[in-house]
Structure formats: C-alpha cells, structure tokens
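The first chain written gets the first letter, and so on, giving A, B and C; residue counts start at 1 in each chain.
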Amino acid sequence: MENAKIKALDFNFYYGAHHVLKNVSAEVIANKVTGIIGPSGCGKSTFLRSINRMNDVISDVKVEGKILLDGKNIYDPEMDVVDIRRQVGMVFQKSNPFPKSIFDNVAYGLRINGIKDKYFIQERVEKSLKDAALWGEVKDRLQKNAFELSGGQQQRLCIARTLAVEPEILLMDEPASALDPTATLKIEELIHQLKSKYTIIIVTHNMQQAARISDYTAFFMLGELVEYDLTSMIFTNPSKKITEDYITGRFG
Amino acid sequence: MKKRQLQEILGFNLLRVCMVLVLLTLAFILYDIISKGAGKISWEFLTAMPRNGMKEGGILPAIVGTVLVTVITAILSIPFGMGAAIYLNEYAKDNNLTRLIRMSIRNLSGVPSIVYGLFGVILFVQAMNIGTCVLSAGLTLGLMTLPWTITASEEALKNVPNSFREGALALGATKWQAIRTNVLPYAISGMLTGTILGLSRAAGETAPILFTGAAFYLPFLPRSLFDQFMALPYHLYIMSTQHHAITQVRPIAYGTALVLITAVFAMNLFATILRYRLRKTKME
Amino acid sequence: MQRHFDEELKELNQEILKMGILAEESIQRSVEALKNRDKKMAEAVINEDARVDQLELDIDEKCIDLIARYQPIAGDLRFIAIGMKLNAELERIADIAVDIAQRVLEIADKPQLKPLIDIPKLTTIAQNMVKMSVDAFLKKDVKLAKEVILSDSDADQLRNLIQRELIEDYMAKDGSTAHRAIQYLLVARFLERICDHATNIAEDVIYMVHAEVVRHHPEKL
C-alpha cells in the first residue's frame, strides 16, 4: 500500500502463557484513519498498545516480530521507549485528565520534556486546545481544575494534551465509549479533522463508529488479523464470511 | 416477616450496645486522666526539671526526650518507609519475591514492641556499639514504625489511579518523571498521614526504649544524641509502678499521662486534618 | 453541529446533478437529431450512454457506501434512498433518449414525412420536467415537484394530439407513410414516458421532504 507509516511484521504478543497476538502483519497508511474492530479479548487493544510500547508496563509479556515506525523497529533494544511515546501519542478509553488546571494538563507533556519557555508553552497550549476543538469552551477558565469539564470536554482535553507534544501518530483506545451520543459525534468530527495532520489508529467496540470515521478497517479475532481493507469494502463487501458475520451482528 | 423484623431490631441494638460500651470505656479513661491530671498541669510542670527524687518539680527532660526520639524515628522512617513503598508499588515486579517481601512487612508490623526493644539492644547498642542513648532508642523506634509507614504509604500510592501513570508515560515521561510529577503529589498527604499515625504510636511506646536509652531519672537535658534521656511513657511507667513513693507521686503520673495523650492526640489530629485535605483535593 | 457526513451528502448531490444534466442533454440531442435527420448526432447519443451508465454505477456504489458507513436515519436516509431511485429513473430517461436516437437512424435516410412542430413542443415539456424534478430534489423544493406532477397531464394531452394526427392524417390516408409515422408515434410515446419518469422523481421528492406518500394518491397533491 502507498505511504505506510507503520508496518507490523509477523508480530506476536504473549502475556504469560497466553498467545494474545498471532502473526499480525499490517501496514498503516499515513494521514488516514485506521479503525480496529473485533469482539472483546480479540487483541485489538493489545495491538494498539504495542505500537507505543505501553505494554512494557505490564510484567510477564513477550514480543516476537517487528513493528516498524518509519522503517525503524520500535522493539529494537536501541530504541528509546520515551522517544517512541513522544512520537506516538495515545488517548485512553476513559478520559484521564490529571487533577491539575486545564492549562497545566495541556502543558504537562511539554514540561516533562524539559521545555521551560513560558511564552512557547502558552502558545502551544492554545494551539493544541484549538486543534482539539476545545479552545472556545475553555479559554476563559484555563486555570480551573480539569475535573470541572464535562466528560466529552475532558476527552478532548486529553486529545489536546496529546497533540501538545506534536506526535505524528495518534492511538485512540475507544475514545468515545464512555461518552453520550453528542459528545461522541464531536470526537468523531474532531478525528476527521485531525487526520490531515496525523496518522490515526482507533480501537472501537462500536462498529458503526469504525464505519463512520475510518478510511481503513482491520478486523481482529482471537488474536489474528482476519481482514484488513478499505472501510467501504469491509462494510459493503467483506471478503471473508466471518467478517460479515461479525459486522452484521450474527455473533460477537 | 415478624420474626425477621425482630431479628433485625435485636441485632441492630446488640451492635449499638457494643459501640456504647467501647465509647463508655474510652470516656471513662479520658475522664479519669483529665480529672486527676489537669490539676497538675502548670507552666512549671512542663518546663522544670524533676526534683527531690522525682517527687516534685516538672517533667521537662521527659518531654524533650520524647520529642528528640520521635524526631529521630521520623528521620529514619519517613524517607526509608516512603522509598520502600515507592519501590514496592511502582518498580517491583509483581512476582513471588515481591509478595513475600510485602507479606513479611505486614507481619513485622504485628511483632510485639518488646521484641523490637531487644533487637535494638543487640543491633544498635551492642553490635554497632552506639550505646544506650537517644540515637539507639530513636533508631529502634524507627525500625518499629517502618512496616507501618511502608504499608500506609503503599496504600496511598495504590489510591492514585493508574491512568495518571499511563497518561504521563504516554506523553513521553520517564517512569520516575511520571511518579514524581503525577503520582507523588497526589499520594504524599496520604503517605504522610500514615507515617504520622505510626510516629504517634512510637511516641507512646515504652518497651523499645526501655533497654536502648531511656533513663530512670536524669534531672538534666541530654546534651547530645549519645546521652541517655527521659521519655514520657517510660516516666509514666516508673511513676506508676516503680517509684518508692507511689501514692505520693500519683498526681505527677496522671499529669504525665495527660501530657502524653495530649501529644499523641495532637499528632493524630494533624494526621486527620491532612487526610481531610487529601479528600478535598481528591481526584474524581 | 457540523458533520463531515454532510460533505459526503453534498458530493452525492453533485453527482446526481451531473446525472440529471447528462440525461437532459441526451433528450435534447436525440430530438435535435430527429429534427435535423442527423445520424451522426444520433450515434453520438447512443455511444455516450455508456457515460451515463458508468455514472449510475458510481452513484449506486456511493449510496451503498454511505448507508453502510453512516447508517443514515430520518431525512438523511430518505435523501440517500430517494437518491438511489432518482439515479435509476435518470438512467432510464437516458436510455429512452437512446431509443429516440435509434428511431432517428431508422428514418434519417427516408424523405421527411412532415415538419416537426408538436414533437419539439413535447420535448420541451419533457426536458423541463426532468430539469425541474432534479432541481426539486436538489433544492428539496416541494412546490416545484408539485408543478412537475401537474404538468404531466399536458404531456399526455400533447402525446394524444400527436398520435391522433399521425394516425388520422397520415397512416389512415396513405399506407406508405405508416413506417415513418410509427417512428414518430414511438418518439412521442418515448417522450411521454420520460415525463412519467420525471413525475416519479417529483413524487419521490415530496416523500423525501415531507415523508408523505403522494404516489398513487393524486388527491394528496
């Protein structure tokens, strides 16, 4: 495929004796939204978290194969996991603002990366909040605690926080699963706007959501990548029967 | 239906009686100490040396001794306890060794204090040859409070949602950055609360200092950490059981008891206020 | 709130508009060829139908894709569903233009039966109805759609007129004109059919806008 930003090559993931991901090979295209769907426990979140090595946090895991980011294997022992995570931002299922002010939340990533220039931080915070379509709602209360925001606003704040460190890739782990329909739509619109600048991979339980927002869709089952194609193909004419059974709700 | 209601009322009242009994006991103790000790409290009692075979004068050396020992206890148990807790909760892998260590720590907090006293004598007084003094006693009490401090600190760390750590890591923070900037600020008051409760318990302990540095009668203040000292709980013990004129010094014993429990209550109150403030700024 | 789905719908709108323009052009050019006995133009109409067919497939695919990906409901659903029907009607209209062009090939080499007056009139009506019905769809304009439906009877009358004239003035009097007269008769019938398709579109537009069924219920107009 053209312009692959991420390539998984025969990627295997073990959690203890449990073989979570089995020989996953896939290419993620730059500046597109790639949706990952599949029943619970199919390994879709594990795959997502393998791309910024968030799984390193868990003990007793083993990895085989490669995940190439711009051609470089992120599991190469010489790669600095901190650098990878700066390049590959992540938005979590449950919005997780820090118990700080709205401003400090967005500035957090900049400050831990050693940026001290106040003017620079201010500008970047404003830009990130604008890109996350939140600026208008919070610009008059940047010093207020982030917990005062609504659920949907909190999630957009987390997106802004991730954007502030200027990653190239955005991983989203069911970013709207805890939100009401209106807030969900806002997040979806935001994702659509963000794809011109970022390569986005989104895990979702909500098949309709994957259909709406993603350009490519990957269907995982029992740790295997069953089908991976243009979203319009997957949702109108999947090549495998099991994919069709899943997306039409015949099982799972 | 009838029977169930009856059971409910009966059970409920039984529990109520239990609670009232406990409260009554506590109230009685407090009443006893305050009524008999309050009369003794005066500026002189708090600031003078004991005189005339401890039958007269104040308890200043005991107050100073207890404060000094508690400070040393704090110096040992706060950094080591918190450090160990951070290691156990944030860094140690969740394997059998970690579990064994954690279990041992829990068990250590149940070891009788007299055992710590003996251990202190062997380790600090004899093996390290520090002698019976403020330092030995403080270190012994420090050892005794460590399991408390570690356990309480670990609980405080566990209460910080994992999403704070993951969120920071995902933004490119190192592990230590994540802990320092996004975990400790929210755990520190909880950690301190537990630690202070541990210290307040240490301040009231007699057994561990009995062999390690507390003196029977010293009408002057310790000049260095290597001097013996008087301490409130030990002083109280002597005044109520060992003194040759027990009935005569009884008011002094009550006064000492009142000072000691006031100090301990003050520390507990401080811990409670800290915890309250933690709840107020609590996340979610 | 802004939806990027709306952009997709706008694209669909554009393609349907294009389809309408192509169908309309085919009608006009086929009748033009008939008037001028222009075989070349007739052939061009026949050949260019492939473009319309391709566009029909594209629009269908787009609609299916939109339904699969956005699960449209209410107004969005009616728009896409009616868009698909419109697509089929317009393709059929273009096919009828091809039929007219084929009649042209039949009679272009034969002497002119009569000067054409009413057929161009009917063509104008048909063309207008197609244009108006597509416009009504794009603008969600119920008034315009109703106008289309009402002008269908004009088309019927005009066709009857043409039919009567061809039968009574030519075929009944001179059997040798029958072949050519039948071609004109067919063209008149084709044009009237185009008007019927336009009427269908108009009825669908009313359903799309108001979710009200006027088809087979003329009293509701």
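Methods note: a contact is a pair of C-beta atoms (placed from the backbone, for glycine too) under 8 Å apart; a residue touches a chain by one contact, two chains touch by 3 or more.
What you are looking at is a predicted structure, and each value in this text was computed from that prediction instead of being measured.
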Handout entry: Nearest-to-centre chain - CA centroid comparison
Key = A
Problem - Two chains sharing the most contacts, counting C-beta pairs only - result: A-B
Practice task
Taking each chain's centre as the mean of its C-alpha atoms, give the chain farthest from chain C.
Solution key: B
Fill in the blank from the handout: CA centroids of chain A and chain C: separation to the nearest Å works out as 49
Completion exercise
Whole-Å distance, C-alpha centre of chain B to that of chain C, is 93
Handout entry: Touching two or more other chains - residue numbers and ranges from chain A
Key = none
Fill in the blank from the handout: In the complex, the residues of chain B that touch chain A are 93-95, 161, 163-174, 177, 181-182, 186, 281, 283-284
Fill in the blank from the handout: Residue positions on chain A within touch of chain B in the complex are 52, 54, 57, 59, 82-83, 85-86, 89-90, 92, 94, 96, 98-99, 108-109, 111-113, 147, 158, 161-162, 165
Handout entry: Residues on chain A engaged by chain C in the complex (per definition of touch)
Key = 182, 185-186, 189, 192, 208, 211-212, 231-232, 235-236
Problem - chain C - residues contacting chain A, complex - result: 1-5, 64-65, 68-71
